[in-house]
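Can you keep this structure in mind? I'll have questions shortly.
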Amino acid sequence: MDTTPATADTTVDGHTAHGYISDKARYLARMKRIEGQARGIHRMVDEEQYCIDILTQISALTSALRGVALGLLDDHMKHCLLDATHLGPEAAEAKIQEASDAIARFVRS
Amino acid sequence: MDTTPATADTTVDGHTAHGYISDKARYLARMKRIEGQARGIHRMVDEEQYCIDILTQISALTSALRGVALGLLDDHMKHCLLDATHLGPEAAEAKIQEASDAIARFVRS
Amino acid sequence: MDTTPATADTTVDGHTAHGYISDKARYLARMKRIEGQARGIHRMVDEEQYCIDILTQISALTSALRGVALGLLDDHMKHCLLDATHLGPEAAEAKIQEASDAIARFVRS
Amino acid sequence: MDTTPATADTTVDGHTAHGYISDKARYLARMKRIEGQARGIHRMVDEEQYCIDILTQISALTSALRGVALGLLDDHMKHCLLDATHLGPEAAEAKIQEASDAIARFVRS
């Protein structure tokens, strides 16, 4: 199931490489769809479509984004965070602080 | 750039036409930027960039979307809703119900 | 259906009286329950119960609060806002701006 | 006021005891205040105060709750999650899954 390539632990620009994303193709498809939704909303505004209909599409896009964010967060916690625990308590603590901060930013966004 | 036609009050497919958006050019620019943000996140996933950085970008995008939604809602309430009050209580009530439902969908998205 | 008492339009401290809340008893019961949930969470913290269980209770409380807020907002829009339209465009506009601001505060809370 | 017992690491009903909450007294004070806010909103509804004012109070309460939730989550991740890593990969994974699920519930609440 995990097709993380053999390069997964090499260091790339300051981070260990992130072969962490389970099912990358699915995330790419979801982001492609989200991009299309954003483009569709742009067109609706351009065509001065009905406000409520635009709001409905923005709600759908927000919801789709939230799904991607929660999925990535879940992957991150399972992979990066778990891996970090092998690096010793300081590294683990730093990773946990980083994840906690990212969660707070997302919750408040 | 706002080319809202003089026909703004004629009926177009069941809605009064929506010359309601204050500063349409600004909304178009914001949606263009949001589309670019979505494309950027797609690329970050494709390049397997660091999860936390992707999450940070998703938070920024969510926040930008929320701003557009609140702006459109404000415009809608000021223009469509206010206009609807000229159409009599039933029409006003229907418009208000519609707006209230859209708000609930957005809040829960 | 609307059992608003005859006093509903008298002025009380600067506002028209708010006989607007449909099914007031139900809101009171919901707020009573929410108060109990808050007290329960206080006790869980005091007893140092498991964090995740406390978070689950906070999620339930947040969700209940959101339901009350959306219900009140719906009532407000149907009653106060609709009533305001009888007071002329300036009053209606002021009420709509007020509601729009309250929605933005809630969405950002 | 922090009466965290000396037994903080003993096992209590299936969980390791939760001496994890940094500054418990502060959380208790915050929850006490939140309880008071809920009681205040109940009274506002009972007195049929102005909807918008009630909504503003609900927004403040929601915001306060979110702060408590993010604080507890941060504490949880720093203490419970970090501790779990000493218990071996399976335990750590289970803890991480549990935290990730709680975050998703909270974000969606």
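Letters A, B, C and D name the chains as they come in the text, with residue numbers starting at 1 for each one.
The working rule: contacts are C-beta pairs under 8 Å (C-beta built on N, C-alpha and C of every residue); 3 or more make two chains touch, one makes a residue touch a chain.
Predicted, not measured: the structure shown is a model, and the values here were computed from it.
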For subunit C, the least number of touch steps when starting out from subunit A: 2
CA centroid of subunit B to CA centroid of subunit C, Å: 24
Averaged-CA centre spacing for the pair subunit D and subunit B, given as whole angstrom: 34
Overlap residues in subunit A, where contacts from two or more other chains coincide: 66, 69, 73, 99, 106, 108
Chain contact graph, described as a line, ring, star, complete graph or other shape: ring
Subunit B residues touching subunit C - in the complex, by the definition given at the top: 66, 69-70, 73-74, 77-78, 81-82, 85, 89, 92-93, 96-97, 99-100, 103-104, 106-108
List of subunit B residues in touch with subunit A within their complex: 4, 15, 17-21, 24, 27-28, 31-32, 34-35, 38-39, 41-42, 45-46, 48-52, 54-56, 58-63, 65-66, 68-69, 72-73, 75-76, 80, 98-99, 102, 105-106, 108-109
